[in-house]
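Here come two complexes built around chain A, the first alongside chain B, the second alongside chain C.
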Partner chain A sequence: MSVKIRFFARFRELFGADVMTDVVAGTMFTSLITMIAKKNPEGYAAIFDETGAFHEFVILMKNGKRIEIADAAKTVVDGDEIAVFPPVAGG
Partner chain B sequence: MFSERERERYKRQMMLFGDEGQERLKKAHIFVAGAGGLGSPVSLYLAVAGVGTITIVDMDVVDQTNLNRQILHFDRDIGRKKTTSAKEKLQEINPDITVNAIDVKIDEINAADLVGQADGIVDAMDNYPTRYLLNEVAIAKEIPFFHGGIHGFYGQATTIIPGTTPCLKCIFPKAPPKEVFPVVGVTPGIIGTVQANEVLKYLLGIGELLTGRLFIWDGMQAHAEEICVERNPACEACGGIAKKTTARKKK
Partner chain C sequence: MISIQTDDVDIGSLIIAAKKHGTGAVVVFDGIVRDDDITEMELEAYEDIAIQELEKIAKDATEQFGLLHVDIIHRIGRLTVGENILIIIVAAGHREAAYAGSRFIIEAIKAGVPIWKKELTKDGGRWVPGEHGHGKPKTP
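Here is the complex of A and B:
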């Protein structure tokens, strides 16, 4: 099955805008994003901390709806669109 | 009532919203938190639109490194207080408005008093702790909070109406780390102008506000999109307040 991951802002520079990926049933959000992020060490460090958990400020969305980081252990389904967004702080 | 000079000054926008709209702007008081990258375009556009009273707060001195983006401040202002420089420019660009420029660090003790009776707060800050503080002031006073943030070529904006939309803490429960952020002046130019546009629509009671939506600007791709954002019923800042039915400034 196929899932689309969309990166925003700085994450887009590190991974590109959209990543389409084929996944097996039962794949968790966390493991999917981890798998993609690991291809880019700098990008990985931008999204995950040294324990492998999401930085707590990272915003995750599924099909346009916010998902809590605590829910990232849930599984993805075919056609899901996942957005990974870093809030920006400058002004 | 408008002077002849004001009628001429606002002629082209009064074609859009008439005497009544212009009167609304004239009677309005907007609090701009920060006279930097975002605060510059926000306050300039609110000033030229004729927002009657602008309070702008900043604690910094103009530094040469500010000048690539903070268009309120000129080369000659290096070393001067940003508030002094801001008041001077805003009064020069529109002598028919009142500008209060306050040189202070916004903190837990003074935030509510600084905002006073303002009709809305513009977030032109560069850090989340102060943003969260102002978000709470907006909730307590039941006034809108016009959020903006930038990094490099990227920006975000949303309009928060306490009791109706998610608040800043619902959308961003945890602050990203403070950093010396890279930035090119056009980015706060774009986001600050979006914020000023929101303020004007809110005051005028026209159009669709950026409520419940996070506007995301990617200047590298010249692409804008938005993501839906929702209230968090358990939000530590706004979770306790009841849903409001009106999202408009009262006449």
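Here is the complex of A and C:
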């Protein structure tokens, strides 16, 4: 199944704007983002701390709705759009 | 009008259009690229979501403050010092509601709408740090 991951702002500079990836059923959000982030050490350090947990400031969205980092252990499904970004700074 | 766009807008025309029947006050907020020793500012948005959130903020403000008209135009792309970034136009029957509605909208945008700013300088660039909603700020 296929999942789209979108990065914004500094994370976009590190990973690119959109990443399409094929994943197996039962893959967790955390595992998916970890897998992609590990391709770029600087990017990994921007998103995860030294224990492998998300930095507190990282914001996650699934299909346009914010999800708490605690819910990142849930699994993704085919067609999901996941967004990963730093704190917003509009206005 | 709720919009995320690269082009600037004619604020005067928007003010005229905002004056609906019953309007007693129009408040205009114009956020501008400040000269903080930068060359330009680059803005990006998670557009689909940002528009939805701006529409919800406008609806919430309208209901909460009894507003008669709301425009929110947030620009993206590269802007130079002095250019408009964000224009909020609020019309209400009385000034109290117009000021309060305008303030509600700008604070809600800053708190949660997925838009980011990068200040470009002669030496490169720096992302403007945002506030994050996880956990409460530490108090002394």
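The working rule: the second predicted complex is superposed on the first by the 87 of 91 C-alpha atoms of A that agree within 3 Å, B and C clash if a C-alpha of one lies under 4 Å from a C-alpha of the other, contacts with A are read in each partner's own complex, and residues count from 1 in each chain.
Here is the rule we go by: a residue touches a chain if its C-beta (ideal position, glycine included) is under 8 Å from a C-beta of that chain, and two chains touch if they have at least 3 such contacts.
Only a predicted model underlies this, so the values are computations on that prediction, with no experimental measurement involved.
Contacts of A:I59 after superposition: both chain B and chain C are touched. In the superposed pair of complexes, A:G26 makes contact with neither chain B nor chain C.
When the two complexes are overlaid on their common chain A, residue A:A9 makes contact with chain B and with chain C alike. Common to the chain B and chain C interfaces on chain A are residues 8-10, 12, 56-57, 59, 61, 64, 83, 85-91.
Within the complex formed with chain A, the residues of chain B that make contact are 34, 36-39, 123-128, 148-152, 154-156, 171-179, 181, 183, 188, 216, 218, 220-221, 227-230. Listing the residues of chain A that touch chain B in their complex gives 8-10, 12-13, 17, 56-57, 59, 61, 64-66, 83, 85-91. Those residues of chain C lying in contact with chain A across their complex are 31, 43-46, 48-50, 52, 74, 85-86, 106, 109-118, 127-135. Residue ranges of chain A in contact with chain C, taken from their complex: 6, 8-10, 12, 56-57, 59, 61, 64, 68-69, 83, 85-91.
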